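Going by the order they are written in, the chains are A, B, C, D and E; count residues from 1 in each one.
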Amino acid sequence: MTFTGEFIAFMALALVAIIGGVLLLNLNKVVHMVVALIFTFVSIAGIYILLSAEFVAAVQVLIYSGAITIIMLFGIMLTKPYDDSEAKTGKWRKILVFLGVVGFAIAVYLGIYNFDIKQQPSTLHEDNTMQIGKALYTQYIIPFEFVSVLLLAALIGAIILAKREDKEADKE
Amino acid sequence: MSYETFSQINWSIMTPEFIILGVIAILILMDLFMPKTLDRKILGWIGITATFAAMVYTAAMAGGPVQSILHDTFRIDSFAIAFKLLILVGGALVLFLAVSYEPKDGVERYQAEFYYLLLTAMLGGMLMTSSGDLVTLYIGLELLSITSYILAGIRKFHPQSNESAMKYVINGSISSAIVLFGMSYVYGLTGTTNLLNIANELAALANSNHVYLLTIAFLMIVIGLAFKISAVPFHMWAPDVYQGAPTPVTAFLSVVSKIAGFVIVIRILLTVFGFAATKGPGSPPILYDMQNYLAVIAGATMIVGNVVAIKQTDIKRMFAYSSIAHAGYLIVAFTSLTTNMFQAIWFYLLAYLLMNLGAFAVIQVITEKAGSTKIAEFAGLYRRAPVLAVSMGILLISLAGFPGTAGFIGKLNIFLGTFYAEPSHYVLASIMIATTVVSYFYYFRVMTQMFFRPAADESKFSIPFGILVVLIVAVAGSVLFGIMPNFAFDFLQNNLDILGDFFK
Amino acid sequence: MSQVPASAFLALALILFCIGLYGALTKRNTVIVLISIELMLNAVNINLVTFSKYGLYPSINGQVFALFAMAVAAAEAAVGLAILMALYRNKKTVHIDEMNEMKN
Amino acid sequence: MENAWLIPLFPLLSFLLLLLIGKRMKEASAYVGILMTLASLVFSILVLFERFQEPSYLVKFNWLTIGDMHLTAGFEVNQLNALMLFIVSLVSFLVHTYSKGYMHGDERFHIFYAYLGLFTFAMLGLVISPNILQTYIFWELVGVGSFLLIGFYYYKEEAKAAAKKAFIMTRIGDVGLLIGMILLFWQTKSFEYSEIFKAVEAGSVSNTMITLTAILIFIGAIGKSGQFPLHTWLPDAMEGPTPVSALIHAATMVAAGVYLVAALFPVFSASKTALLTVAVIGGFTAIFAASIGIVQTDIKRVLAYSTVSQLGYMMLALGSAGYVAGVFHLMTHAFFKALLFLAAGSVIHAVHTQNIEEMGGLWKKLKWTAPLFLIGTLAISGVPGLSGFFSKDEILAAAWEGGHPVLFILALIAAFMTAFYMFRLFFMVFTGENRGNQKEVHESPSVMTLPMLVLGILAIVGGYVNTPWFGSFLGDWLVDGNTALGHAHIEGPAWIMFAATIVSLAGILLAYLIYGKRSIAPDWLSGKGGILHTILYNKFYIDEFYQITIVAITKGISYFLRFIDVFIVEGLVKAVTGMVQGLGNIGSKLQSGQVQTYGAVAFLGLAVLVVIYALTGGYLR
Amino acid sequence: MNLQSILSILVFSPLLGIIVLALLPKTQEKAVKAIGILATLPALILSLAVYAHFLAGKNLSDFSISVPWIKFRGINAQEPFFTVSYELAVSGFQLVLVVLTAIVSTLAAIGAAKFIKKEWKGYYMLFLLLLTGMLGVFTAENLILFFIFFEITLIPTFFLIGKWGYFEKEKAAYSFLLYNGLGSAVLLIVIMILFAKTGTSNIEILRQMMADPSGPLKDGFKLGLFIALLIAFGVKLPIFPLHTWMLRVHVQAPPSVVMIHSGILLKIGAYGLIRFGMGIFPKQFESLATLIAILGVINLLYGAFLAFIQTDFKMVLAYSSISHMGIVLIGLAAMNEAGIQGAIFQVVSHGLISALLFFLVGVIYERTETSFIDKLGGLAKGMPLAAGFLLAAAMASLGLPGMSGFVSEFMAFLGLFKVEPWIAAVGTIGIIMTAAYLLRAVLGMTYGKARREFDGGLDLKGAELVPVFVLMLLIVLIGVYPSVLSSPLQATLETILLGLGG
């Protein structure tokens, strides 16, 4: 196996993504976790580029950097900085979940480790955005429209739920 | 897409969805422009009217040919019509409950939102019934789910409501991630999101590695979707969410959302895995191979639902477990994989819809008046409100599956399939019947409270109009379909050739 | 054309999915739980995009699907956070293990 | 004879009539009963006389169809039946009459007569039954009549216990009869006597089967006739009104056992073992009961044990192939024992006690009763010239000829004892000083003494129908050439008659010496409290024995079963429901409210399924 | 009138009463009671009319009706539908049970007017529903229809016990529901397996299908189904060890309900065993005959011994019912005319006798507020009529000739002695024990010293005498002239025996 540039790039990105994920699990401060996660998300965007999905990568960066920023703000806003002592209960749950995750991962990995498909030349990278656009506006127009409904509903929902209002004041 | 191509698309088959969508838009606008002091109930009635219009339109499409637009991302086949009708009926009845719901804990300010979010969730369910594409299915699913999360938490000043929404959202997101993960493998092995194309590709599947991967994907999809139908092992959210959510929303979750869940389960499992060969073309499909796994899930669901329900003291929690149990019965019907499966599931869902919504109507009246959801609040109901008590009695009998009610016919139908299938699922049927007997325990405990116990409080009830409508429909329907099930069967048999349409 | 096999991408997705899952099921801070779920969805997207290029039948559909998934994920996160805020107002906590008012 | 079926119906009519309107009729009820039984008596006499000229008469009709088997009901008149009809209706009529005086003033007077009617109906029905099933039916019905009448004084605990005991103990016997009857049916395919006899004669029934069924049927007779070991109910049955004792527990019902054996005599005689069993049980009972009778102090109990003993005698006769002897003694016994009971009733009526130690010296006060009682006593003791003498002689001859010397000796001893205790009774009641404290003792009204008189006459002359001297008219008629029934008259050695006479006179003499002249102390052999006396007085502790064996075992089984019922059967149920509840508890506990647990359970479910698939069905295979 | 519709009218006539009652205000107590009783009469009259029709020598199949009812989606082109028909018919056996049901129900309705102290309206409505269920059970010609009626009886009974019973009524009601639920669950499985595997649920067709050795089911499988059926009806009958629920019901339920329960509902078990167990699975029944005989003897003795030590008369009667149902099993196990006819006779006879006994217990309880033997005693003084009838009923129960109990007991044993003499011989102990426990209990209550003061007017009076007289009359009638019962049964017996023999 020769070390092509793509391979190195993949290894680097994958490593960053995984390390980010592992840090998410092991860090204690919320801010640190969130920062670690940013690395993960960004490197995932890089992976997308490797997979000739430039548009998706761009969206990834846009959405997640934006979203993560907000989430981070929330996280800091809502929690006391060092108050993340792990609950004493649930130790067994952790162990069980870990075992489950490992078993699951192995079982799935058996299915994918030699998923060796003869790689065909793909044209995805050519006018990637246009291809996506075409697909969206021909085949996927219905789901596309419904996603907008979904986003609208989510927006309204988020607003009514998160809106700060004084219970007493309203009664007057 | 040019205008011509756009206009050539037969958009008329989406009319029911458009009606609902349009009304949602109208409601949003009306809410914005109505003075704050005005009662929003009128919006609810508009929603109900729209639902009925959609229902009529859908019913009118029955008997027609299979029609699909845009690469099957939207299709109208008999399956879609049959289950869309169920969702619409369920949705309409839930709306009746909703307009009779005396808002508290924050809902009072968002009454209009309450109505149109319900309609939106219903819209998601409708979309799911008539999609032949993974993406559409997924979007429909999420449309339903996300609005449901909001609805569960809409009593924003009520800690239990918040908690229930939070639990719902976390579990729901995990489940949808799992489902998507499974779907991604399905996509990977076929390169398309169109269900029928997927089926075609997979019918020739021969590589054992791919079969393995696909089967793993099958399990992920099944478990992920188990969330929607509240089947074991993804059932545990249900009691907490049902308890905390406003009662009409609980009713919605237990009925409409569950119907939609079964729709997606049937759609995906049957088309994708019902054709995916295990050893090359002509070999038995993965679905048959995995029948035992489904059976285990069905058995566990029935046992858990019924057994744990015995311990409940909260009526809504009890009904949550009861709805888990009923999901189990429905999975039994699915597991049998006979040709009468569609009829069995559809009829059982219809029966379940009627009896469960009727029961929730009563629950809503009682719990609102009492301000508590304890079963003990039903004590002496027969004295206080004989109509409510007798109605509830009939509905409980139907839920328990006694003859003379739709619940019984539904169960018969399931048994018929179970025993007809080769090999017959004797164990599964035995579990089903045994747990049914266990269910008598808790259904009749409510009866005991209503009929045998003295009431702590002798005050009478006033029954709101909406509740009355639901009760009449539910009780009359339960009894009618219990005595004359042919009304439903004939409709299905004469107008809707589900089996013939499904794979077209 | 490329030396990086499809299985490597799939494995990465699997690992991230598992990390996300583990986080979602064990972390105590609800915000982190929600983020972990996002991570799971991202893993799914990697899968979709990978199959879009290296699947048995490559097609653009995978990428489109991934975009849909992202949109939905964003909505989900937004709603989740909104609910968390409402909850926080009433209970003054974001610890997931303290949301146990309803049980048994 | 065509109308013989009417005979039982008269008393039935009386029964129904009195049940419905008796309450209003008060003591006029008696007339209904008396009239009806009189009608029966008249018909019976007619039938009896007709029977002298004409052959047997049998009518039957379908009663119950079982598949292709037709069970019939009907009536039959043959020699034995006709004789029994006469005896039963006669005694019944007399008792009906007597009771009018005896029961005078009882508030349930009409009920008494109703019961009497029921009993008489059943007894008459029993004797004209042409098949064993019908016999069984009436057999049970007489039991009920007896039960009701024993328990007539329902408020007395003793009466209640006695009635219950009578019913249950006879039922034990009845079950034997039932089994025997059913077995016989499946062997012969019929319940008809005639069919059964035919089949037995034709040898189509195996010997063992005959023996088995005969013994089973005999168990029925044991129960009804108070033979050992099912005899204990009979003395207790004396709790009933005395006329009842006379009718049921002396003359008719208890003799039904004897009648049954006689009616089925061809079956019994086909099996040596069965006959021997009958003879041994009869002989033993005769002496056994007599020995108890010696020490009893209750006038009715003495008579009761005497009845048991005499019934044993009859069984002994039948068992020794003395068909005629048995039936003959049945008849004479009916007369004199009924007489004795009625007389005893008259005494009790006069002195209001049954304890003979509180009586004495009543000879002068009871001008009619006393001599009649004496006649009865003489007759039962076998004093020559009276009826008992002839029948007893016949039995002794049968026993001797039957080749059972031991049984013959037993019978002789029993005869001695009989004479002794009967005269002990007589002397204690009627002679000597009055030991009681009765102020005024009146003779009974004529409505009571007249029936006694009739019986007294019969007790004297009844024996002359079958004597060694004037010809065995009864025997010839009864047997009528039917070889299955044995000889019409058994010609025993002449010394038997002398021996019998001597034995009975010796008994009387001894009784006179002890109780009449008092020249021998009553406790010369074993005084009160002595071992022998105690054992006899307590009836060999049979009741107590049953109490600690059968009753205790039954109760033990019951309690054991209750233990099973409560702990094992119910316990299993509790275990199952407990398991369901426990599962519910576990499930409910698992529902901890922790949302991550919910997710974890779901995911672990997935993981487990996936891993199972990987390990078994999937890729690794 | 169209003969075919008569059975439907017969079965559903009580529903009319329900409707009328529903419209009647609660406060009209007298009218409620009157209508409750009157509504049972159409069924009684019609059933007697059908009986008269039979006596007139006409064919009972005139009444058969069959209308397609439910069409389940079939499996393939050959069988597009699984049709369940609405099929009612009567054979002689069924007719006898229908008449019995109608009579006992009317009498129980009369009794209820006396024993029930509150909420007559609800009581009678449920009672009439129960009546419809029972009549339906005995006339259904179709397994699924049978099951529907069978389950319909459960719910009203649950309420009747749970609402109008004595102290532990709810527990008893639950016991009843769960045991019977379980029994009917097993039954449902059997029915649905038969239905799914053969495509029909018509009893006649199934009988023919099962008799055909080349039929769709294998022998071993049929045996399994039969055992399941035995369990299902064993709960109802009840067969040891499935009996405990029945004790509670007998003690806790109101007397008028126990009259029905013990008189009719238990008989459904026997009916099912005969009609379906023997009718559809004759070979399987034959292979288990010895086991059934042993079960019968166990039932007989177990019930008898336990009845012997009970202190509550209701418990005595409850165990006595178990014991008497043993005789049904004994008769059936004989597998011959005598046995089966005996079993059927026992079904009818026990129905009448236990109805009478429980009615009397109800009267006594109403007057004295106890049914404990040692708290009563000497009743013959205060209530001679009641005591007399109680004694007579006990005599009938213990198999006194001249009453119905004897005929059935006799035939059952007659039958069994032919095939299993030893088992039968053990069983005869039961006859003695029956006498022992019944006399112990009845004499304990009616004889002896009175334990309490009886004021005047305690005895049976007025309308109370009607049920007592009618029942007693029937008991004696069957006892004296059993052909009245046996002649309608002949055809049924022939069919059953044909199945056993052929």
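In the analysis below, a residue touches a chain if its C-beta (ideal position, glycine included) is under 8 Å from a C-beta of that chain, and two chains touch if they have at least 3 such contacts.
Please read all numbers here as calculations on a predicted model, not as lab measurements.
Within the contact network of the assembly, the step distance from subunit A to subunit D comes to 1. Distance from each chain's C-alpha mean to the overall C-alpha mean is smallest for E.
Interface comparison, D-E versus B-D: the higher number of contacting C-beta pairs is recorded for D-E. With chains reduced to the mean position of their C-alpha atoms, the one farthest from subunit E is A. The mean-CA centres of subunit C and subunit E are about 64 angstrom from one another, to the nearest whole unit.
Once the centre of each chain is set as its mean CA position, subunit C and subunit D turn out to be 96 Å apart. With centres taken as mean Cα positions, subunit B sits 30 Å from subunit A. Subunit A and subunit E have CA centres that are 69 Å apart.
Touching of two or more other chains is recorded for residues 588, 591, 593-597, 599-600, 603-604, 606, 610, 613-614, 618-619 of subunit D.
Among the residues of subunit B, those in touch with two or more other chains are 135, 138-139, 142, 146, 149-150, 153, 156-157, 165-167, 170, 174, 185, 209, 212, 216, 239-240, 311. In subunit C, 20-21, 24-26, 33-34, 50, 55-56, 58, 61, 64, 68, 72, 75-76, 79, 82-84, 86, 89, 96-97, 99, 101-104 are the positions where the chain touches two or more neighbouring chains simultaneously.
Interchain contacts (touch definition given at top) occur between A-B, A-C, A-D, B-C, B-D, B-E, C-D, D-E. The residues of subunit D lying in touch with subunit A in their complex are 594, 596-597, 600, 603-604, 606-608, 610-611, 613-614, 618-620.
Across the complex, subunit C meets subunit B through its residues 17, 20-21, 24-25, 30, 33-34, 37, 40-41, 43-44, 47-48, 50-51, 55-59, 61-62, 64-65, 68-69, 72, 75-76, 79-80, 82-84, 86-87, 89-91, 96, 99, 101-104.
Subunit C contributes residues 21, 24-26, 33, 96-97, 99-104 to its touches with subunit D in the complex. The part of subunit B that touches subunit A in the complex is made up of residues 1, 14, 21, 24, 28, 69-71, 73-74, 109-110, 113, 117, 120, 123-124, 127, 131, 133, 135-136, 138-140, 142-143, 146-147, 149-150, 153-154, 156-157, 165, 185, 209, 212-213, 216. On the subunit B side of its complex with subunit D, the touching residues are 166-167, 170-171, 174-175, 178, 208-209, 212, 215-216, 219-220, 223, 226-227, 232-234, 236-237, 239-240, 289, 293, 303-304, 307-312, 438.
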